[in-house]
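Below are structures written as structure tokens.
Below, subunit A partners subunit B and then partners subunit C, in two separate complexes.
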Partner chain A sequence: MSELGIVYALLGAAVAVLLSGTGSAIGVGIAGQAAAGVVTEDPSKFAKVLIIQLLPGTQGLYGLLIGFITLSKIGVLGGGLADLSVQTGLLILAACLPIGVVGLLSAIAQGKTAASSIGIVAKKPEQFGKAMLFPAMVETYAILALLISFLAVSGIQV
Partner chain B sequence: MGKTKYTYAVARIRALETSLLTDAVIEQLLACKTAEQALQLLIEKGWGDASSGNDMDAVLSREEEKAWKVIRDVAPDMSVFDVLSYPKLYHNLKAAIKEVCTEVRNPNIFYDNCSIPGEEMLKIVENKDFARLPGNMSRTAQEAFETLLHTRDGQLCDIMIDKAALEAIRDAGRRSGEPIIDDYADTTVAIADIKIAVRSQKTGKSADFMHSAMAECRGVSVEQLVRAALSGMDEIAQYLEGTSYAGGAEALKESPSAFERWCDNRMIETMKPQKYETFSVGPLLGYLIARENEIKTVRIILTGKQNYFPDDAIRERIREMYV
Partner chain C sequence: MAVLEMQRISICAMKRDRKAILEKLQSFGTLEVNHVIGDDPDFVRMDTAGQKMGFEKAAASADQALEILEKYAPEKKSMFAALEGKELIEPETGRKVQEERRELLKTARAVYDLDREHAEQLAAITKLENSIESLTPWLALDVPMKQKGTKRTSMLLGSMPGEMTLEKIYEVLAEKVPDAAGVDVHIVSAEQSAVYLAVICLKEDSAQVEEALRSEGFARPAQVWDDVPAYQKKELEGQIADCRQRIAQIEEKIRGYADQRENLKIVADYYRVRADKYAVLGQLPQSKRTFVISGYIPKNSAAQVGEYLTGKYDCAVDIEELKEDEEAPVILKNNPFSSSMEGVVESYGLPIKGEIDPTTIMSFFYVFFFGMMLSDAAYGLIVAVVCGILVHKYPRMSVGMRKSLKLFFYCGISTVVWGVLFGGYFGNIVDIVSEKFFGAKVVVPALWFVPLDEPMKLLLFSLLFGVIHLFTGLAIKGYICLRDGKLMDFFCDVVLWFMLLTGLLLMLLPSSLFASIAQMTIVFPEALNTLAKVLAAAGAIGIVLMSGRSNKNPALRIALGAYDLYNITGWLSDVLSYSRLLALGLATGVIASVINQMGSMLPNNVIGGVFFILIFLVGHAMNLAINLLGAYVHTNRLQFVEFFGKFYEGGGRPFNPFKENTKYADIKEETLS
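On to the complex of A and B.
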């Protein structure tokens, strides 16, 4: 047994949660500034802008999911650490990278798009459905990254 | 993260843009029979406040104050708006120098909503304490003051200060580091230069006069504009056709008021793309210009109606709206 194997695997879980969580925090923060601006002038739009503000928050959840699966897999949750070789540890780290990196960047991009969409709601609240779609488009790529990370982490034999 | 510092401000401006006057409201104002009716319509739309009542001037100046208050509330950095306050600042300097030199005091000739209000400016000029003025303004003030004292030529003093104001606007635009502020500043200077050329041509001014009144900018060439103005109005129009101010040439041929309207419309055109910006200072500037523009248009409509101008004459002066 190599102790480094488990370190790499844990690093993978950390990367997935850290990067995607940071991205979501920044994204929700950017959209939140815009939402606050609109609500200052028109509090009746609170519910609509809140929904748009929350869209960049999903990447953090995806990262959490991958982190959780990884921790279960290597036995950090439920007791009894798995016996991992360095190679397997690195494989798990690599498997966690897609949701980490894509989560970080897509959440920031989605936050900016959400801020712009909040501008649509400010001026034309009846176009809320369309305004939601623009940031939702960015979500596609976070889901693709989630899918690959999920398949890869699940497929690695421990 | 610095690139998102205007996110809150822009979203708030976006919400406020819905209360800007649209072309439809302007039509409604035009359709009103009297100035009182038009003013009433504006008050129903939220213009003015309890203190301004039904007084046209009070309502309009209250609206101007409201626009600036919003910007002061939301802007993380007010220095980028120097370009907008310089005309008022330099106007105060001009008025103060004239008051001190002529030893006559007139009420209500100063702007108080700028960094150096009238009373303070008057004290600075009276005590010749020009060092308190910002940047190049102290040198300009000293020169203009001495020129007026020695020559008693009010116009010479005016053009010295006006040129300094244009240069200050242009430099503040470049300093701001914001492309839209720079564009606005350069367009302001270019339009002012074109106006100087047109008026100088009409009053038969010399090339030296024009050179001392116009400020260099990217939009137009002062040298070519002066040469065109010396040759005639057609030459000015011809020169403008080769620049990005080609629409001005058409307006010049139409009428002086069409030209003035074109100048304001050109500025609104420059600003319109800012309606789709989310992270820059542009929408704040666009909102301020749009409010100034609509207040000016409302003033034209109300004074037109007060003085029984025919509808066509008022309509000819109506500016394009931002929204």
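On to the complex of A and C.
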């Protein structure tokens, strides 16, 4: 059954991209609804609210990053599949979990925060700098998860 | 690195010079009016609210006219219009427009009236169209709708809901009014939901017939027309055509005013400036022959303004230092490099009294961290070149915009440096292109090391930079304590923490935990190890004992101290927060390589080459945009949360001088003296 190793590893890459991408899509969606509301009232705030709407989108990129590194590590990209044991495959799967799960949940939370921050920009556009900071606070935890996923994936010997 | 020192200037002058002096002060724009004289029987204040409102209204009506003009005859604007800033006009033009100001206000009024008529005509069209719609079912009727009948008969017009057939109606009539003879029912038109009827009956039966039909839902039309419906429709259509013609005329006429746009802008600004002047005038304490104006002025221009005024008018100018308890408005003053980061500090909050301006120290860290997070030489070059060109090309852009662009210019340069250190040029474009199109893989070596290959090394450096940044913040706090002579605070809140943190760091370095992370073992001499322990222990004990020093109750004091010691976790999370320097840098690099990889999977021919370029352009543009945003947001966060958290609160009031607050155009400065 040692052929399953590569399957687990690929599953890991999929989990990283899938979950964090879903989270970002939801987060950007939530923020986008708020942003669209502001722009109907005042189209001149488009650029500012767009920037805040984009903030929950980074988790998806972090997932992509881990997914890509995993793919290139197990040789899916280069053509020559690596010969992985089940244990190594599961290790890689486990390594991908942090950014997947944290990416999913933090992006949704960040989306809600971003929606509220868009409310700040709607009422007090001069407080843009502060408004941008609140979603960024949430993102810290996605960054920490990314770091652990990255260190773990690149640390596993294939 | 400083907050501009403020002084109070008080000018007492003759009333006859009032207008000239106020206008001069307004054009200098260096004085924030702030009166300290309270109610005094010798001084009265003029009530200028009425005039002020009049000017504001005039400015608003010119603004409105401009908006309307923009709607009918949009001004052609370039993509970078926002960067161009306000126009600069000759004083001569300004004066000419001022003389025509009444005419121009009439123009504004005319434009406004035309716009209103335009709206009314549109509303009329809608109404006429509704009428036509209600008329449509009756078009087949060839007698006027208001026709009641003949001498002996009467005609009932109305609609019935549902799919009524002629038979069914006759059935109803036969059942309910069997006596009525010779009732004649015509269906004028039928829709899915209703039929429209013309019923002719004898005059004496009409009430009964109508009652019978009404029980089945018969209702008379809401609107009855004098004429035959077909004629009526034609007439209504004629009216609509008239309205449309009038609308076209109005639009033409409004467009005809488009050449007044520039003048309207100048006149709007003129009234805006005058409204401000009257607002100030209303605050001035005035006696019978004199008036006083007082306010904050930056020290460096106080003497100059004073000399100018005393030289030209009969007036007394008094310049004094601010009182202890006075909270002065704030202007930041920094070297040309750091001043571009003033916007960042402003968005957090200006320094309050007693704080120092953190801009200069922050600016170096800012640029340093920003570059590290973006860390791609090509991206940095693009940012720097674009911002550099824009700053150079649009000299009249607003001050805030200029500062932001300069900020990104410097950050771009820093990004280039970090990109060269880490070997990132559009990710790994050089490897990919050389391998794909030229057959030989060329790797541009990193000047320092490649983060992707040695992430732990970069993580350690990130945390090290973080520790330096945080310690700098704590040191600034120490400096403020020392400057204010608070030795106790300096020792307890700064020195003890330095001891504790340095001790802990020194204990960590030789430990096996650090060795496993860094993959190298550091061995300190025994004395240093002991010193580390002593430092940490002394710091910790000191903090427990001293943090709650304001509290008299010894038990509570120790408890507060222990709680303060718990802040060590705060320091830990602050330091770990700098791991984003690594993570964001990696994100830029890896996603750039994903884009390149995607491009390189295409076949190696002309079409493949074209698509490669396409993917390259779109992909890297997106990656640059999103990582630029990320680097900006997270650099701000590191400054605001981690760095400012150590010593800076903000909350100062920005300097808001009495000046010519124009919206559209500035008038060229005439020679000062």
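Keep in mind that, in the parts below, the second predicted complex is superposed on the first by the 157 of 158 C-alpha atoms of A that agree within 3 Å, B and C clash if a C-alpha of one lies under 4 Å from a C-alpha of the other, contacts with A are read in each partner's own complex, and residues count from 1 in each chain.
As a convention for this text, contacts are C-beta pairs under 8 Å (C-beta built on N, C-alpha and C of every residue); 3 or more make two chains touch, one makes a residue touch a chain.
For clarity, every value in this text was computed on a predicted model and none was experimentally measured.
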| item | value |
| --- | --- |
| Simultaneous placement of subunit C and subunit B on subunit A, clash or fit | fit |
| Subunit B versus subunit C as contact partner of A:A35, first or second or both or neither | first |
| Subunit B versus subunit C as contact partner of A:K123, first or second or both or neither | first |
| Which superposed partner A:Y62 touches (first subunit B, second subunit C, both, neither) | second |
| Which superposed partner A:V102 touches (first subunit B, second subunit C, both, neither) | neither |
| Apex subunit A: angle to the C-alpha centres of subunit B and subunit C, given in degrees as a multiple of 10 | 50 |
| Touched partner set for A:K112, first subunit B, second subunit C, both or neither | first |
| Residues of subunit A touched, compared between subunit B and subunit C (which is higher) | C |
| After superposition on chain A, the shortest CA separation from subunit B to subunit C (Å) | 6 |
| Subunit C - residues contacting subunit A, complex | 344, 347-348, 452, 455-456, 459, 576-577, 579-580, 582-584, 586-587, 590-591, 593-594, 597, 626, 629-630, 633-634, 636-637, 640-641 |
| Of all residues in subunit A, those that touch subunit B in their complex | 26, 30, 33-38, 40-42, 45, 112, 115-116, 118-119, 122-123 |
| Residues of subunit A that touch subunit C when the two form their complex | 51, 54-55, 57-58, 61-62, 64-65, 68-69, 77, 127-130, 132-133, 136-137, 139-140, 143-144, 146-147, 150-151, 154 |
| Contact set on subunit B toward subunit A in their complex | 1, 4, 7-18, 74, 278-279 |
